[in-house]
Amino acid sequence: MEHIGVLASNLLSPIILLFVLGILASLLKSDLKLPSPLYNGLTIYLLLAIGLKGGVELHKTPVSEFIWPALITLLLGIITPITAYNVLRRLGRFDRINASAIAAHYGSVSAVTFIVAVSFGTMNGLTSEGFMPAMVAILEVPAIVVALMIAFTREKRAGSWQEALHEVLAGRSVMLLLGGLIIGWISGPDGFEPISPFFETGFKGALALFLLEMGVITAKRLEGLKEVGGFLIAFGIIVPILHGILAIWLGNMAGLSVAGSAVLGAMVSSASYIAAPAAVRIALPEANPTLYLTASLGITFPFNITIGIPIYYAFAEWLL
Amino acid sequence: MKTTTLKLVTIVTERILEERVLRKITEIGARGYTLTKATGKGSRGVRASEWEGPDTRIETLVSSDVADGIIEYISDNLFEHYAVIVYVQEAHVVRGDKYI
Amino acid sequence: MEHIGVLASNLLSPIILLFVLGILASLLKSDLKLPSPLYNGLTIYLLLAIGLKGGVELHKTPVSEFIWPALITLLLGIITPITAYNVLRRLGRFDRINASAIAAHYGSVSAVTFIVAVSFGTMNGLTSEGFMPAMVAILEVPAIVVALMIAFTREKRAGSWQEALHEVLAGRSVMLLLGGLIIGWISGPDGFEPISPFFETGFKGALALFLLEMGVITAKRLEGLKEVGGFLIAFGIIVPILHGILAIWLGNMAGLSVAGSAVLGAMVSSASYIAAPAAVRIALPEANPTLYLTASLGITFPFNITIGIPIYYAFAEWLL
Amino acid sequence: MKTTTLKLVTIVTERILEERVLRKITEIGARGYTLTKATGKGSRGVRASEWEGPDTRIETLVSSDVADGIIEYISDNLFEHYAVIVYVQEAHVVRGDKYI
Amino acid sequence: MKTTTLKLVTIVTERILEERVLRKITEIGARGYTLTKATGKGSRGVRASEWEGPDTRIETLVSSDVADGIIEYISDNLFEHYAVIVYVQEAHVVRGDKYI
Amino acid sequence: MEHIGVLASNLLSPIILLFVLGILASLLKSDLKLPSPLYNGLTIYLLLAIGLKGGVELHKTPVSEFIWPALITLLLGIITPITAYNVLRRLGRFDRINASAIAAHYGSVSAVTFIVAVSFGTMNGLTSEGFMPAMVAILEVPAIVVALMIAFTREKRAGSWQEALHEVLAGRSVMLLLGGLIIGWISGPDGFEPISPFFETGFKGALALFLLEMGVITAKRLEGLKEVGGFLIAFGIIVPILHGILAIWLGNMAGLSVAGSAVLGAMVSSASYIAAPAAVRIALPEANPTLYLTASLGITFPFNITIGIPIYYAFAEWLL
């Protein structure tokens, strides 16, 4: 009963409702849509804000406290693309290229899913560790590398491995997350204080506006559902749950709080839709973008922010 | 006014290829180019570029030979896997020798 | 005397002065101008913010309190395009198409005029009912439908009636206002709280920046003044006053406070410049945009935010 | 490089008509199009589009027949009341049969 | 469909010159123009326009004489010191007499 | 020792670190970059905010207090382009056109350097006079006029003197600074209060985001360093220091506080990169933009915000 209340409270929070409004507007063929420079700017703002806040927290945290979570996150970044790949190949009968393309997405992370997971906790009085944004940064890159390695080891590919690596490492999301982390870590709470109103006061509202646009974008991906077939739809829901549960269990063992483990679960379960698609498009142009974008954006993202996150919290609490 | 007749090559492709295409056409011999942002629809639906912003529309005024080189590069390397269109027109350019 | 003081305080408020700065910059051929994605983004922000805040207030308000104001607003949305149309036809000798095109604008509503009217009240210690944004949503659509019905009943038209209706109903302003209202209403004050800093703290400043750009846009419309003739100029001032007075009187009867009635007056008097022009351009392409845009933006908008609003407040107080 | 000669039809019109024009030209037979944002001045001054953002510039590579169909549609339906310009050029397209 | 053959003059130049160029080409006889934002590279690297936003790409459909006038104006006044390119193509325009 | 601590505290503040991140991202060929409408919008916001805040302060300040600083600032706006010109001509052997083009930049002012200087003071507990933004407005235009007069008095020029003057006077930066000042001055603290959260709370954070983009832009200018030669590099560091010291000394005499003198030093030392380049491009198209943009943006701007500003404060304190 109580879990259903929590689920409802998530579904009825303005952030999720704005996401739904975006979907509806798009389905109604409304011209509602954030101008793309603004959508872009909001992404930059959100990534930089979580980087900075994570860095400021790292500044205050003894290494001993986050070394285990960090190692476990790294491990998950290496394991999850492999599990995803094998599920797709063996159960889903996907060809090698598309399987590794999709695996790169499910191994990497969606920063917005992470933020929604943190917010969900705060709303319900559960605060996750302040250094969790550092885990997002750790989780972003390795999976993409692992997945591309799988694709490139066996055969020659049309795409460029080096260009793809550069696209990830020098990509906006890594720059902002990692750059923000380091800057926050160097300048600490005192240095951060003057700029914190900008990056904290408006943060959740900016996220809300961002999710409106995410709704519009997700709606466009829903068209792909007809094409991708039932297996991928199931994959986009079940594999995240499995990855999430694994992450929560490991997170718990690494000493994370209930909220921290749940947030780790949410991020590990999430699929990248910024860094991974760009890298995959360059490295594996033969892969079909409809598959990986529909799965990541049309299925896993909406599933996670509506139902998945409450599930991860429930599991983390149960585990305790 | 004396003008030179050159080839105007127009390429519309995914944003993610912009840098690569510009590097290549410069190597092939283009002395300049003009870029505009574009969106569009063709035979392929999806591309990664929705996340990367709109497509890029590249115009370059070049000699006949360079035009052929550009077309060949694109046919051989990009047509198969990427969203790309390329077409050639004639254009009468003032100060045309600057561009060859 | 005191009224003059209030008028001056309005004219010298930064919001109005920024509007004037925008006009001046444009007349001086300055390159000052908000980039259009930003102007667009500000519109989205303002509409969504008033929708959300209105919804949160509705959540707290018993139906009995806003049912009468709501009905009266709906009534005014049906009456005012008809009065406007008749004045234009009978006194102004406008042809049927242009008369109904202009009537659609004067029956509908300008959200920015509404916001300025609310701010003016707050500045002078008069708080209007929190649910007034819901009235904006109610007022927006009916007048456009009524005016287009007038135009379409008698003759076949070049434009598309269905496309126009879709343009209004699925248009950004309806989506944001109505969507915001519903979301605010569902999530209530508690749900709204985390995102309220973004939508409330910055609201008036964002409005100020927006009015700077409105000044630039208004200045461009002033060119049309030479073309539209004296009648339309008089129309753009007198009809809003009459509509405003009618609305205040009815609002007062419906139990609205002084500020509430004045705000209702301001919104009923105002002319749409987002939803109506788009719908009219599609439904009545034969109508001359110079007429309706100049009247709405070049005359009524600046009149209302500078002089009209103080008049509506004065009348509402006098009526009490 | 083998190229096909097609018609490049360029249409500049109010943003508000974008959806309608794209739908129509697709019906008439265009297999793709490229859009860019534009502003401009012509014989009409005002349009609703200031509020709707800039105009839209549509380019489509089509066969001669389709080009004629598009021109006819625009002449018959949009010229009278909307801000619109349309012109046709020749363009040599690689992989041209894809677009007919 | 009856079309008129006109000259399509395309000018790409620094944003800072936009107003001046538009004023001049109107004086010379252009009856309209279409603007898009562009960036690009040519023989010059730097311009003030990085601060002024992107370059401007001007297209105008004009008669042969006006085209010559525009080219002459640009050659005489802008080529030396500013980043500018200008080229001419033929275009078949519907309702073409409107633009001459 | 203590000075080194202050210098380090500046170099490690998030504002400067974000600037460095922007430079690094650009050197790594990252796609990190603010969308240009956003960069544009941030400029508008920052200029308007400092105008408004300066105006509100002027409102409270008796004329006698700022008349001397104002006169001295005006004087510096006339002197500094002349000193810069002569150094470039006599020592640097620059031709007349390029010398006056560069002089226009070094006589005028960079608003962002000003803001960073004010922030640096606040961070170190030193508050400068609230009316200092008025000095930015005073400093912006005269130097450009003086420098162009030098260029135009001797020979006929390719560019247009009138167009350039219009470009400066009706340019965005003057409109926003001066317009903001006047509006702030008219409406005073009470009028400003409702919009102050927008213009004050987010100010420093917005500045931080802005500096990220400034880093990207600066990095592009660093390429010019190879071309411009050693003299201009030395010029871009030494002349600002000299101008700064002169300004601090005069500011001190005019009764400014330590922080006020230091801020005046920073602004006088700074080189314009918005108003001046546009005006010079129009008036002196023969001048080589690589020279003035590289000097202003590639050398003086980064020097000032990292090392220059602490020097100006140190000198102002020493002078006391």
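Order of writing sets the labels: A, B, C, D, E and F. Residues in every chain begin at 1.
Note that in this section contacts are C-beta pairs under 8 Å (C-beta built on N, C-alpha and C of every residue); 3 or more make two chains touch, one makes a residue touch a chain.
Worth saying up front: this structure is predicted, and the values here are computed from it rather than measured.
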item: Chain labels contacting chain B and also chain F; value: A, E
item: A-B against C-F, pair bridged by the larger set of C-beta contacts; value: C-F
item: Rounded Å distance between chain B and chain E, as computed from the means of their C-alpha atoms; value: 20
item: Separation of chain E from chain F, taking each centre as the mean of its C-alpha atoms, in whole Å; value: 35
item: Sequence positions of chain E contacting 2 or more other chains; value: 36-37, 52, 89
item: Sequence positions of chain C contacting 2 or more other chains; value: 31, 35-38, 40, 201-202
item: Chain E-facing residues of chain F, complex; value: 36, 40, 158-159, 163, 167, 217, 220, 224, 273-274, 277-278, 280-282, 285-286, 288-290, 293
item: Residues of chain B defined as touching chain D within the complex; value: 10, 12, 36-43, 55, 57, 68, 71-72, 74-75, 79, 85-89
item: Chain E-touching residues of chain B, taken from the complex the two chains share; value: 1, 3, 6, 8, 31-37, 61, 89-95, 98
item: Contact footprint of chain C on chain D as seen in their complex; value: 14, 16, 20, 45-54, 80-82
item: Residue ranges of chain A touching chain F (in the complex, touch as defined); value: 35-38, 40-41, 44-45, 48, 52, 166, 170-172, 175-176, 179, 182-184, 186-187, 191-192, 194-199, 201-202
